[in-house]
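For clarity, chains are labelled A, B and C in written order, and residue numbers in each chain start from 1.
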Amino acid sequence: MAAKKMAIIATKGALDMAYPPLILASTAAALGWEVQIFFTFYGLQLLRKDLSGIAISPIGNPAMPMPVPMPVVVSMLPGMEAMATSMMKAKMKKKGVASLTELRDLCQEAEVKFIACQMTVDLFEFDKADFIDGIEYGGAATFMKFAGETDVCLFI
Amino acid sequence: MAAKKMAIIATKGALDMAYPPLILASTAAALGWEVQIFFTFYGLQLLRKDLSGIAISPIGNPAMPMPVPMPVVVSMLPGMEAMATSMMKAKMKKKGVASLTELRDLCQEAEVKFIACQMTVDLFEFDKADFIDGIEYGGAATFMKFAGETDVCLFI
Amino acid sequence: MAAKKMAIIATKGALDMAYPPLILASTAAALGWEVQIFFTFYGLQLLRKDLSGIAISPIGNPAMPMPVPMPVVVSMLPGMEAMATSMMKAKMKKKGVASLTELRDLCQEAEVKFIACQMTVDLFEFDKADFIDGIEYGGAATFMKFAGETDVCLFI
């Protein structure tokens, strides 16, 4: 039986939505699937060598479990984004959740193919020197050809 | 002909994005499809017995049709999130749109399988006693095996 | 070999997330795929004749590359949403990225089928006269039947 295939289009760059592509890709790769992730729009932030800038915002997300209930105006104050981010990171560390960098390494060791969207790189003037090694640059058309052969294709 | 299969990964917990997983799942189940929903991240909020806390935020979503145009600073004022939520609920009720609870019941009656992501339950310290009956707890790996056999797999 | 098929459920209406459905649909159509887009929730904004109201919000999105770093409270000031939108549009134009209207025309020329979610049109009281020609109105059940036959189905 041929290996299952999965394609992921990763478009988000905030801390919470940065996890799903990497968790799902590493999980599928561990099951022996062939996986490709196409990083585009804000998803390109996940390819930076330094992921410490990946943050989370409590604003506009009433579903985020917060340690203390917080009116919107308070979540707006200077420093609250940094505070939410560091609280979330501390909670993940305490609970033994792998960091984004660890999950990304896992994916690369399991031969998940990382493709950076060339158009977005040009549009936002990302510096390729800021990105990790071992990634390819490509366009939507090439990626769609792979996507058309997959068992699971997700837009995240 | 074997029944079609659909897998949904439900990651959002705000009022607007709480609807699509439940609408699509109940629609597919009504067509005779086999459906599983994997609730993870903020999507776990949809498994609470009491869904009255599910809210909507007009902030950071310039595409939301509002009854009156509203500058961002106004949408920030205390009480605006509650106001947007109650306006949206009133509109849905007036238009005969089923409530989240009704749609969720429909899904369970139609044997849509609900799976709560164990890792997220642990991470956010959700209390299982707050969740409805009839759900399973599982991990991404088990869910991916089902997803690999589906006709449609959506990340919401 | 039969043509590949793709179904897209377009639920977002902000400038950034308005692009992916149209880019992916026009790309797939150019590859000879049969494509349908189901516009629902805020995604219906993309069917308006006049797309000049499509905006972007820097709020609650810490991953958006901004020309200058900006604390959350500043991104809240009156006029910042309009400023972020016009900066993004100017950058896209300078880089030769097609406008939303151009991409939408491309899709329609390539016979991508546009379906507006009748339930959302009723709920938000959209005026059909504001929408472009050449679209159909339908429900989730009809769309799901097409989705079940596709090679790729994305929720955006």
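Rule of thumb we're sticking to: contacts are C-beta pairs under 8 Å (C-beta built on N, C-alpha and C of every residue); 3 or more make two chains touch, one makes a residue touch a chain.
For clarity, every value in this text was computed on a predicted model and none was experimentally measured.
Asks: Using only Cα atoms, superpose chain A on chain C and state the rotation angle in degrees, rounded to the nearest 5.
Replies: It is a rotation of 120 degrees, to the nearest 5.
Asks: If you list every residue number at the chain B and chain C contact, are more than half found on both copies (same) or fewer than half (different)?
Replies: Different residues, largely: of all residue numbers at this interface, under half are found in both copies.
Asks: If you average the CA atoms of chain B and of chain C, how many Å lie between those two points?
Replies: 21
Asks: Would you mind listing the residues of chain A that make contact with two or more other chains?
Replies: Within chain A, the residues that touch at least two other chains are 59-61, 76, 153-155.
Asks: Can you list the chain C residues touching chain B in their complex?
Replies: 7, 9, 11-14, 40-42, 45, 54-57, 59-61, 76-78, 80-81, 85, 119, 122-124, 126, 140-141, 144-145, 147-150, 153-155
Asks: Can you name the residues of chain B that touch chain C in the complex?
Replies: It comes out as residues 4, 6, 16-17, 19-20, 23-24, 27-28, 30-31, 33, 59-65, 71-73, 76, 91-92, 95, 97, 151-156.
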